[in-house]
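In what follows, a structure is listed as structure tokens, so that the remarks can point back to it.
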Amino acid sequence: MVPLNWYLILSAAVFMIGVFGFLTRRNIIIIFMSVELMLNAVNISLVAFSHYLQDMRGQILVIFIITVAAAEAAIGFAIIIALFRNKDTVHVDEMDEMKG
Amino acid sequence: MNNYLLIPFLPLAAFLINILFGRKYLKENSHWVSILAVAGSWIVTVITLLDVLSGKIINEDLYSWIVSGEFKASVGFLIDQLTVVMLIVVTTCSALIHIYSIGYMRGDKGYYRFFAYLSLFTFCMLMLVMANNFLQLYFGWEGVGLCSYFLIGYYFDKKSASDAGKKAFIVNRFGDFGFGLGIIMIFLTFGTAYYAPVFSQAKNFAAQTVNFLGYDVHLMTLIALLLFCGSIGKSAQMPLHVWLPDAMEGPTPVSALIHAATMVTAGVFLVARCSPIFSLSETALTVVALTGAITALFAATIALVQKDIKRIIAYSTISQLGYMFLAAGVGAYGAGVFHLYTHSFFKALLFLCAGSVMHAMSGELDIQKMGGLKKYMPITYWTMLFASLSIAGMPGFAGFFSKDEILWLAYSGQSPVGKFVWVIGALVAFLTAFYSFRLIFLTFHGKFRGTHEQEHHLHESPKTMTVPLILLCIGAVASGWVGIPHLLGGGAHFMEFLKPVLGHSEANATHTEEWMVMAISTIAGFSGIGLAALFYLVKTDIPVRLAQKFNTVYKTLWNKYYVDELYSFIIVRPAIWTAKNILIGITDARIIEAVVNGVPKGLGEFSRILRKVQTGLVQRYAAIMALGLLIIVAYMLWR
Amino acid sequence: MLPELFFGYYASAIVIFSLLVVTRSNPVHSIMWMLLLFFHIAGLYLFLNAEFIAAIQVIVYAGAILVLFLFVVLLLNLREELKVKKFIGSWPAGLFIAAALLVIILSVVKSFVPGPAGKYSIEFIKQETHTKALGTLLYTDYLFPFEIASLVLLVAIIGAIVLAKRKKGN
Amino acid sequence: MNDLNFPILSALIFLPVAGAALLLLISRSNESLIKWISLIVSTAAFIISIPLFTEFNKSTHLMQFTEKHSWIPSLNINYSLGIDGISILFVLLSTLITILCVLISWNSIKAKVKEFYISILIMEGAMLGVFCALDFMLFYLFWEAMLIPMYLLIGVWGGSNRIYAAVKFFLYTLAGSVLMLVGIIVLYYQSGRTLDILELTAKTYPYPLQLWLFWAFFAAFAVKVPMFPLHTWLPDAHTEAPTAGSVILAAVLIKMGAYGFIRFSLPLFPEASRAMTPVMLALSVIAIIYGAVICLAQTDLKRLIAYSSVSHMGFVTLGIFALNLQGMEGGILQMINHGIVTGALFLSVGMIYDRTHTRQISDYGGVASVMPVYAAMFMVFTLASIGLPATNGFIGEFLIILGGFRANQWAGVLAATGVIIGAGYMLWLYQRVFFMETKPKVAGLADINLREIITLLPMIILIFWIGVYPNVFLGFMHESVKHLLERVNSGGAHEASIAKNILEIIK
Amino acid sequence: MPFVMPDLGPVMPEIVMTCLALLILLADLVIKRKETIAFLSIASAAIVTYLLAGSAGITFKGMFIADNYSLFFKLIFMLNVILTVLISVKYIAIEKVNFGEYYSLILFSTLGMMLMASAGDLIVLYLGLELMALSAYVLAGFLRHDIKSNEAAIKYFLLGSFASAFLLYGISMIYGLTGTTDIYKIGEEVNRLIGESKISTSSPIHPFTHSPLLLSIVMFAAAFSFKIAAVPFHMWAPDVYEGAPTSVTAFMSVGPKAAGFAVLGRVFLTAFGAARIEWTGILIPIAALTMAVGNIVAISQTNIKRMLAYSSIAHAGYMLLGIIAGTSEGMASVLNYMLIYAFMNIGAFAVVIMLRSEGFKGDNISDYEGLAKTHPLAAALMLVFMFSLTGIPPTAGFMGKFYLFMSAVSAGYVWLAVTAVIFSAISAYFYLRIVMYMYMKEPKAEVQLSASPGIALALAITVIAVLIIGVLPSKVISVARIAAAGF
């Protein structure tokens, strides 16, 4: 039997890779992917919990997380396209119109 | 109706009428209001004199002025022998000087203002004299100080006049500082500020010492000396005498009234009034005597070399006041007051004569530019001569009786400094005679040294000025007769009259010594006059040669021992310097402002730094968020 | 021993693929790696006998969202993307923070004790079939969040149209 | 007890505020209507305040004309007003001063006349509120509410450097009074959830708490007084404020600090106050001498009078912290005197400033020959300022020096020197401005007209009335001050170790 | 088991809100005049407010709690919607983004907030949060043609999803530990866990060392701090507030912040009630830092929207004081302050919007010079709001702050109250700068005000509320105390 902690370690690892990607990549698309990674990490840990706790709540939350992720992706890309039309850059570190 | 109330309130009414309606309605004839008021007071004073003579002492309150807890001060009047004497002096001199001023001040722009101030002064002086508690005394005290400020600075468009007025008031304030503390000490020890209870209980506090600012001091001495501070300031004794010579900037009647007859004598009156306290402390009396003597000598020496006619008389006043304090210092309060009484007549006369001389010489004050005025101004000459004789102490004249009484009681009294003080007194008598007659000979004898145009204008003063001169001359001569000592067969009525208030000092010495003292003072007088005649009538070159030979001495005397410069160097200039540089420069500007402006500037600076953290990069925001989370978790887990 | 081995493969595959996703310079390659990642995650779910979730993962995540990613990447034809450097200036800071957080979470996870067990035992699910169990629960107890999820999607649609749809005029 | 059964204090506070509201409705253009309305409203307020004067029962220290309605019942905060011997004089002073301010700025204020008079009237309402409030919350509300109009008065109608002065004034006062707010809240919980001043003064508090709260309240009141280290806002605020502004500031606002000490710091924290008297006396004496000496070197007319009020307020705090009957009564009376005298000085400076538009003393000279009536009136105010007997200044100063001397001999002696320096700078100022030859800038000036004389007349009457017959005013305070001093000198035993208790308070 | 339809009474307002929002979406196709859409949305808000009165109770097996606490917050949300719609009618016309979706998105965002306020379950809470957040991201980016608005949207979106990822991680951890996502059950479970760990660590007072629970508490704290823009999670606020259209900024400065506090209060006081010592330990430094950064950085701002952003960060700091107090009094003071904050903040933004007219951006502080001379009424209104934000007595701001500091002091945090009080004094500096620019400086450019009946009504409501609550706060305080009675 695979102990619960391993799953948690795995999800923590993937989560932190997502955080790393979010904090360091310049391309917005990749940043989006890092966010998806983080959400998937949480999904893994949730499914693991619901398996070990013999309770379905975790998986229901996973379903909702996936729907929200989809919605987020939709809106995220809408914003990127709107931004792209005005400033045709995709790199996050060039978006510093407002500072101070 | 107790009519003594009229004495002070008539002049007050005159002041109000003049000041309110003077400018528009009364203008030239505003003097009538003041003169009527002062004359009224004079009449009521005479009536009260008769009452007091018949033994009726009045001591009652008009209304309670300040009431705060157990501290109570009221506007109250005490009419006893001492008060009546002072009332006579004040009202008589004031009335005569009012009349004199009509002629002297004719045509002056602020005519009504002058008479208003004179009436206000008379009111304050009377309130001072008639007070029955220390607070009202203080009220009168500062009131006369204020009027002297107004009157000295009467010609306010002249810088020197307004400076002199300000100087007078501030120097007086120095004196009043001590005086105020004295009153507070009296209240704290006796629990009341009224004369009657204070003087009666004074005896049982005689031996007590008190802790004043950390030092254990004999109580009575402390109170006496604090009160004496006030009189030094008011009566222009060392070291607070500097304001009197400058006070000559005011019109001459003012000098006559305030700086000769009345205000400056307030200091002596205070010491006399508080004689029960002063007599309880040996050290206080010696201090008073020594101060009086030193000031007398100091002022007399300066008067020797002065050129300005009014300055000479001013220094002579300081010197004579020194005499009065000398008398009080040796316990002879009665003699002091008697000298005050006589001095007020002949000193006022001297000033008024000087005024009429100045009037004739169209404002010229330097006696070296005068001479030979005898034939042009006979009345002024004769009255001034009598006054000088009286001040020099020539037998038969008022000065002789009062000065001799003082010297005799100094010599014979049991005060430890009596003998030493008597010697100085005699020396001063000689100097007084010398400079008085130097003045007479330089102004009236010899040939005219002024400009031709002045000579053309020389004329005797109008009747309104000469009549007061004559009346005062009578006073100057006759006023002494009321106090002729037993030795010369007189009844010494004056001292007897004041005995119930001031007590009397028994003289434990033989008659022969009394004759010897009288002889010495007369000889001093005659030799002074003779020397003056020699120097200024016969060999006029001696003074010039003497001046060159003892040039340094001459210069110190001429510059009044550099006292004025000393004061401004010690007190005035450092105060302004500290204000400018230290207070504004450093504390206000650098320390407090630095903090007050520093904090917002610092915040602004810090705010600009913090703003830089907000670089606009999303990932920096996210990094800071994650970092924040990291720190919080670390803090939580390993606390 | 088989399950440990099986888990080991999946775990390492997932970690490697996510690293590749995050570090590739060409977005299209990243998307491909992501696709593989999702398949492996679905496999893991099967291993945890959550079949329905695994199916959702494959269909919704891999199928719909990744496709959307692909469209956008191609739409924005990021040719020059390859030459430009892909990490921001201060990337070591990001790495440090991520690593530190990982260390902390790992130290926490070590002493992790799961809470009380619910009633849905594994046998019950096998017997009930996972989808049926999930469905009944979803439409009875968790009906309310389901409705909210629908609203979330609605708002997503409105937002996307408002922001991205090219207006007639300009 | 309120035997007048008519809410006189609330009427007094809210009449000016209602007047201000009325002004809001009037159009900006007809300025004369605005001016007349504000004059009528302020005179009405003064007339309403007169029955306070006559109906006041001097034989009791209890609060009179009291009103109490619940305001925030859930926190036991209620709207309670009342005055006693200490605060009645200030109420009268405020109403009188406001009339004079309206008169003085009749034609010297040209821009934004409507907002000006609205600020003045709201100012009056807030001032009266502070003096009548018996609930700490109400007191604090009026205390801070008065900041806004004053800030606008200085900032909008002020002189050249007005913005700096206005901001400095606002932040200085706010920083201080904000600490007091925390003090009030701590007091609220220490005394079992009540903010009513009478209940608070009845209770005793542990000594270390008293010490902390004393210093918190000190921060607020000392800024207002202003006491020595915290005074640098006053000269700027005065020089930059318009005439009416600096009159209100000098005559009433400064009094609130000292009033706060008497009403709150002393009765609430008796041991702390007693323990802190040496510090307070030292600060007061420094203020007296520092303020007086610095006046010697001032070149700006208003700045000199501002520093002179720092010196005078040093006298007041000396009197208050002498903690004996004479000192306290002298202090309170000196607050009234200072209000009248410095208010009058600022009024007269305003009049001359309207004519010459300069505040540099060097520009003036020989004004007496040009404006004799004005010179005479200014002389009366100068004499009152240096405390000449027969003027109100003397009564206050003498009682304070007497009380101060009893409390601490050194304080009394040093304070008395302040009187000398005071005479020095005031007479020097009078000489430089009024005597000596007339300067060209001052040559053709017209003497003060009837309106200006009417503005100054009440001040002169009050100066001589208090100077000659002060019992009318001193009579008000005897009972209240006696009661206060009983509380301060007897209140509560003195705990031994301070450090331990402070820790317990903070944790 | 047969499906029994849960009682929909308590959730009726939300259902009606959804229907009306959809209705407005459809109406937008039909009606050309956007003012009627605005009017419709105000009407729908009014209807929902009316319905709120009757809806009390718990349904969906504890997932939806409509108690006094959530009722009060819903009142604030409704007020927020009505005022925002009023001020944005003319504004979005000027900005040329006059679409109907704007209003429906606002309604959906409010719906999200209402769900968050009455969420009894973490899943509902998360979904409500996401619903609100998503519509907020779109609203922030509503000015499609303006680069600043796009940038605001992208920043808000990225950081928002980053924070919600952390929230999810927290939820999963808690789910793992307690086996449930229902807030009350979590509360009991956490209580049990702490009981065990305390026995194991012998000393009762020393906080327990159950690290996974601590970690999840920190995760929750981070996510909610992001929502209420508390330091160090505040960095998004200034840029997003400046970039977004001003009416949306007004909406965002009140709505999401209030929802954040609702959730913060609910989760921390009920779910983590037993671990109070620990999370107060977290919140105290956060609160102090928030007040510090909010007030200090605002001093050197030149753009008024950015300054108001920092000021709203500072106000979040003040409100945290009430949460830290942890008592029901503390919670009541937060509720009371939130309502007052809503009025004064939207009022201030309304004046900023009035200054935005054709071709004149009007969001630099220097644009306010001499406003008192050109438009005295607008200047007077701004003065009232500025003094209220500073907390000067006659205004409501002071009453709010006073009650907050009272609850903090009563819970023993005297020194925290002193720092808060000092920072509010510092805040006077930059609020006063605005008043100083308006009253004490001469007008530069001729400023045109774009007044409309909507803005006038909104300003009237806010200024009257600020003054009335300032003078007579007892009504609001007692309602707030009833609302917070539950904790």
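Each chain carries a letter (A, B, C, D and E) given by its place in the written order, and its residues are counted from 1.
One rule holds for everything that comes next: a contact is a pair of C-beta atoms (placed from the backbone, for glycine too) under 8 Å apart; a residue touches a chain by one contact, two chains touch by 3 or more.
All of these numbers come straight from a predicted model, not from anything done at the bench.
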{"item": "Path length in the contact graph (subunit A to subunit E, fewest steps)", "value": "1"}
{"item": "Labels of chains that are neighbours to subunit A and to subunit D", "value": "B, E"}
{"item": "Chains most often in contact, by C-beta pairs", "value": "A-C"}
{"item": "Chain whose mean Cα position lies farthest from subunit A", "value": "B"}
{"item": "Innermost chain by mean C-alpha position", "value": "D"}
{"item": "Most distant chain from subunit E by Cα centroid", "value": "B"}
{"item": "Whole-Å gap separating subunit A and subunit C, where each centre is the average of the chain's CA atoms", "value": "7"}
{"item": "Separation of mean Cα positions, subunit B and subunit A [Å, integer]", "value": "98"}
{"item": "Separation of subunit B from subunit E, taking each centre as the mean of its C-alpha atoms, in whole Å", "value": "79"}
{"item": "Subunit D and subunit E: spacing of chain centres that average the CA atoms, whole Å", "value": "43"}
{"item": "Sequence positions of subunit D contacting 2 or more other chains", "value": "171"}
{"item": "Multi-chain contact residues (two or more partners), subunit E", "value": "123, 127, 130, 134, 137-138, 141, 144-145, 153-155, 158, 162, 176, 179-180, 211, 214-215, 238-239, 301, 429"}
{"item": "Residue list for subunit B, restricted to those that touch at least two other chains", "value": "600, 611, 614, 616-620, 622-623, 626-627, 629, 633, 637"}
{"item": "Pairwise chain contacts, counting only pairs that touch as defined", "value": "A-B, A-C, A-E, B-C, B-D, B-E, C-E, D-E"}
{"item": "Residues on subunit B engaged by subunit D in the complex (per definition of touch)", "value": "19, 23, 63-71, 135, 138-139, 142-143, 146, 149, 153, 156-159, 161-163, 165-166, 169-170, 173-174, 177, 180-181, 184, 187-188, 212-213, 575-576, 578-580, 583-584, 587-588, 592-593, 596, 600"}
{"item": "In the complex, subunit E residues that touch subunit D", "value": "372-373, 376, 383, 387, 392-394, 398, 402-403, 405-406, 409-410, 412, 414-415, 417-418, 421-422, 424-425, 428-429, 432, 435-436, 439-440, 472-474, 477-478, 481"}
{"item": "Residues on subunit C engaged by subunit E in the complex (per definition of touch)", "value": "104-105, 107-109, 111-118, 139-145, 148-149, 151-152, 154-156, 158-159, 161-163, 170"}
{"item": "Parts of subunit B lying in touch with subunit E, wherever the complex brings them together", "value": "600, 603-604, 606-608, 610-611, 614, 616, 618, 620-622, 624-625, 627-629, 632-633, 636-637, 639"}
{"item": "Sites on subunit B touched by subunit C in the complex", "value": "617, 619-620, 623, 626-627, 629-630, 633-634, 637"}
